[in-house]
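Heads up, there are several structures right after this.
Two complexes, one shared chain (chain A), two partners (chain B, chain C).
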Partner chain A sequence: MSRFSPYDNNGGSCVAIAGADYCVIASDTRMSTGYNILTRDHSKIYKLADKCILASSGFQADMKALQKLLAARHLIYQHQHNKQMSCPAMGQLLSNTLYYKRFFPYYTFNVLGGLDNEGKGCVYTYDAVGSYERVGYSAQGSGSVLIMPFLDNQLKSPSPLLLPAQDAVTPLSQSEAIDLVKTCFASATERDIHTGDNLEIVVLNAGGVHREFMPLRRD
Partner chain B sequence: MQRGRSDVEELAEDESGEELLLSSDRSRQAHITSSSSAEASLRLAFAKFQSTVSAHSPMESNQAKPSLLASESDSQRTLSPYVTGTSVVALKYKDGILMAADMGGSYGSTLRYKSMSRMTPVGKHSLLGASGEISDFQEICKYLDELILHDSMWDDGNSLGPKEVHNYLTRVMYNRRNKFDPFWNSLVLGGVKKGEKYLGMVSMIGLSFVDDHVATGFGNHLARPILRDEWREDLSFEDGVKLLEKCMRVLLYRDRSAVNKLQIAKITEEGVTISQPYSLKTFWGFTAFNNPTAGAEGS
Partner chain C sequence: MKLDTTGLESALPLFGANCQMVDGFTAAPAFELPTTLDFDGFQKEAIQMVKPAKGTTTLAFIFKEGVMVAADSRASMGGYISSQSVKKIIEINPYMLGTMAGGAADCQFWHRNLGIKVCRLHELANKRRISVTGASKLLANILYSYRGMGLSVGTMIAGWDETGPGLYYVDSEGGRLKGPRFSVGSGSPYAYGVLDSGYRYDMSIEEAAELARRAIYHATFRDGASGGVASVYHVGPNGWKKLSGDDVGELHYKYYPVTPSTVEQEMVEVSAA
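For the complex of A and B:
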């Protein structure tokens, strides 16, 4: 007999890379359940503030609830402070929001990309219950196990154990970072059945937000 | 309490002292070893009496607290569906949305109801189709009637479109899954408003999306591959119906809970039309259908 389960994993991968003056956030547009593809064109990227973009994978209904909640909290913030929330502030808010539901978690795996108060690229990476870390680049979701080691190999970030703390941003130029993201997804799509169809790339820099798409394997 | 008393009576008669495990509390009795001495059997009987009393007292006092671990027998939640409808298939076509669903209502594997209409108009611009628990669908229809009524009472010339109704349904379904009390349905919502076609789906855990064609349940396995091959943006009404019938025929052949009595609903800018029930022409002479158990063990 079928028992009720409140969770599902709808797959998908998310990547974010921070540079000196830009941030690249990308994710595929496939939504699947088990071996089924539900739709090939579902965005997992959500713009929370002018300089703050969230990419999440996991359970789509929880993703949607989380996005709605953060958007509502951000609206209140704007009314109170008459400004957009900064990316580090949104990073902390997301962590708190996830931990608030520690014992009935949002089954979502998030990366938050944006520009910090100095205009430098920043990436925050999370687990489902809110522990988070500022990093130079990160991957989350079903293809993260394939993408993350590749990024480690290509980007060689300074050890977080070094003192004084080294800057985590990657040395790549913006176009190099976009190419790297495309390569990551092209590779992950080969081996991860939950990643594919289309790649949505959002680039954030001083000039604003720019979006582009790249087709991926559809099988 | 009836069962509790009979257990005790049974124990009183049980003089042998042989260990007799009650399903109500095995762990409590695990440490009591069987013995033929009168004292031991008395102790055993007492332990069993205690366990029966503790197992039944919450029922007796009628104050079972609703917790996530509440026993399934006294639950007020849908733990599994009872009367269910099978797949709904829908697609966008040139002028709007076409949707198809058969009229079977299954009670497990029994075909209990044969004239279940599983598609209904919602407001002026939307059409809802449902698979899964029929009673939950009918409850959802009551919610929607109220929603549409309260919206129309504004009398501001504004009315809820398919996008709004889909969003409402998504929130209702997600809210109920958060209470661990789900509506056991997959819902398909189609509509047209201001020239814009809309087709979306919601599952019982609040999962939702839009697409050019959707199908629930078995339809996801059997109908969507056909739709992906043959669906086009500018499908005419006739071709759309033909495509839906092709999907429904495949489902009829391979989904055991599908029945050969279906309705096709259409929604355009002009409104909703739901067809009279009709059946599809079938051909059961395919070689794959002849002696289907040939080669199977025991045939």
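For the complex of A and C:
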């Protein structure tokens, strides 16, 4: 008699890359449960603020609840402070929100991408209970163990902990970063059963938000 | 058992009476608990699923010139290295540092909470900085109230207050120890070996930093769960200062440079018989 589990893993992968003045956030659009595909066009990317975009893989019901909560908190912030929340501020809000459910976690593996107060790209990567870190690039989800080593090989930037400090943003141009992301997902789709169908890429830069799609293998 | 929520209370109700807009978000500063008959079993399963990042080496010691604090920067989730650039030395305030070992989210949240809520509130209420003794005691009491619920925190609070340098070890079992030398984490046995054998009270800052750096390096060499960048901080009468951050791979070749060895026997082609 197996006990009821409140969680399920809907699979999928998310990637974000920070550039000098842009940020690329991408995820596949397959939603699955076990070996079954539930839908081929489910978006895991959500715009929280003008300069802040969240991508989450894992349990999509928890993802939906988290998105709603953060959107509501952002609305309250806008009413109280008469401005949009910055990406670093949203980063810490997300960390605290995740930790407040420490004893009944949100089963989501998040990547937050956006532009910081100086207009440089920033990416924050999280674990399920809220530990977070600002990085130059990150992958989360079922394909992350396939994608991260590839990104390390292509983008490995000096650690932000080194003294004297060295910059963590990638030297790639925006179009090179988009091509890199397409390559990542094409490869991950080959070897991860939960990743595939369609790739949604969102690019955030000073000119605004730009969204594009690319088909992936549907098998 | 009442959970200690002093660290979670929001400051908003103090500012004005017209806060209806935020009711529901800041009204109850409590952790949501799952409604299940078997809380421990649920936590065990949840932690397996979440696989929090741990495995680390951190150390701190008191010497003549203050407190030296050092840590590696690797976070592992099971066998997967989730990050090589985790900040394990957390800057609670300009004169107090905390180290992170155990669950990354647990340590990050409670240290952030300690700095922003507990320590700052004390400063504002008492018009003086909180002592290291006080900060570590408040943290230990908070963690004690969550004892048995699965938090994993093994931290050292290091700082300089009116009584001089202070160093306390605090963990999620509720333990709190005052001492001159500590190392915490999976790599701590290796770090203790180097630290204990090289320690003298009257070292200069550079000697102490080099000892701390070497101890972290040796721990990362032998412990698979430790690695990345070895950071070293010094806490003096004017607060803390980061002294160095070195990649341990490069430290290896600094301590053990490659020397060309003399060739004993050269391999030669053997003609087919």
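By definition in this document, the second predicted complex is superposed on the first by the 216 of 219 C-alpha atoms of A that agree within 3 Å, B and C clash if a C-alpha of one lies under 4 Å from a C-alpha of the other, contacts with A are read in each partner's own complex, and residues count from 1 in each chain.
What we mean here is this: a contact is a pair of C-beta atoms (placed from the backbone, for glycine too) under 8 Å apart; a residue touches a chain by one contact, two chains touch by 3 or more.
Quick caveat, the model's predicted, so the values are computed rather than measured.
Asks: Of chain B and chain C, which one touches more of chain A's residues?
Replies: Tallying touched residues of chain A, the top partner is C.
Asks: Could you say whether A:64 touches chain B, chain C, both of them, or neither, answering first, second, both or neither?
Replies: First partner only, chain B.
Asks: For A:206, is the partner it touches chain B (first), chain C (second), both, or none of the two (neither)?
Replies: After superposition on chain A, A:206 lies in contact with neither partner.
Asks: If we overlay the two complexes on their shared chain A, which of chain B and chain C does A:100 touch? Say first, second, both or neither.
Replies: In the superposed model, A:100 contacts chain C only, not chain B.
Asks: Which holds for A:6: it touches chain B only (first), chain C only (second), both, or neither?
Replies: Both partners, chain B and chain C.
Asks: So, A:42: does it touch chain B (first), chain C (second), both, or neither?
Replies: first
Asks: What part of chain A is shared between its chain B contacts and its chain C contacts?
Replies: After superposing on chain A, chain A residues 5-7, 104 contact both chain B and chain C.
Asks: Considering the complex alone, what residue numbers of chain A touch chain B?
Replies: Residue positions touching the partner: 1-8, 10, 31, 33, 36, 38-39, 41-42, 59-61, 64-65, 104.
Asks: Using the touch definition from the top, list the residues of chain B that touch chain A in their complex.
Replies: 77-80, 170, 174, 177-178, 180, 182, 201, 203, 205-211, 220-221
Asks: In their complex, what parts of chain C are in touch with chain A?
Replies: My answer: residues 21-22, 25, 31-34, 43, 45-46, 49-53, 73, 75, 77, 80, 82-87, 103-109, 149-151, 228-229, 231, 242-247.
Asks: Over in the complex, which chain A residues touch chain C? Could you list them?
Replies: Going through chain A, the ones touching chain C are 5-7, 72-73, 76, 79, 95-96, 98-105, 107, 125, 127-133, 135, 145, 159-163.
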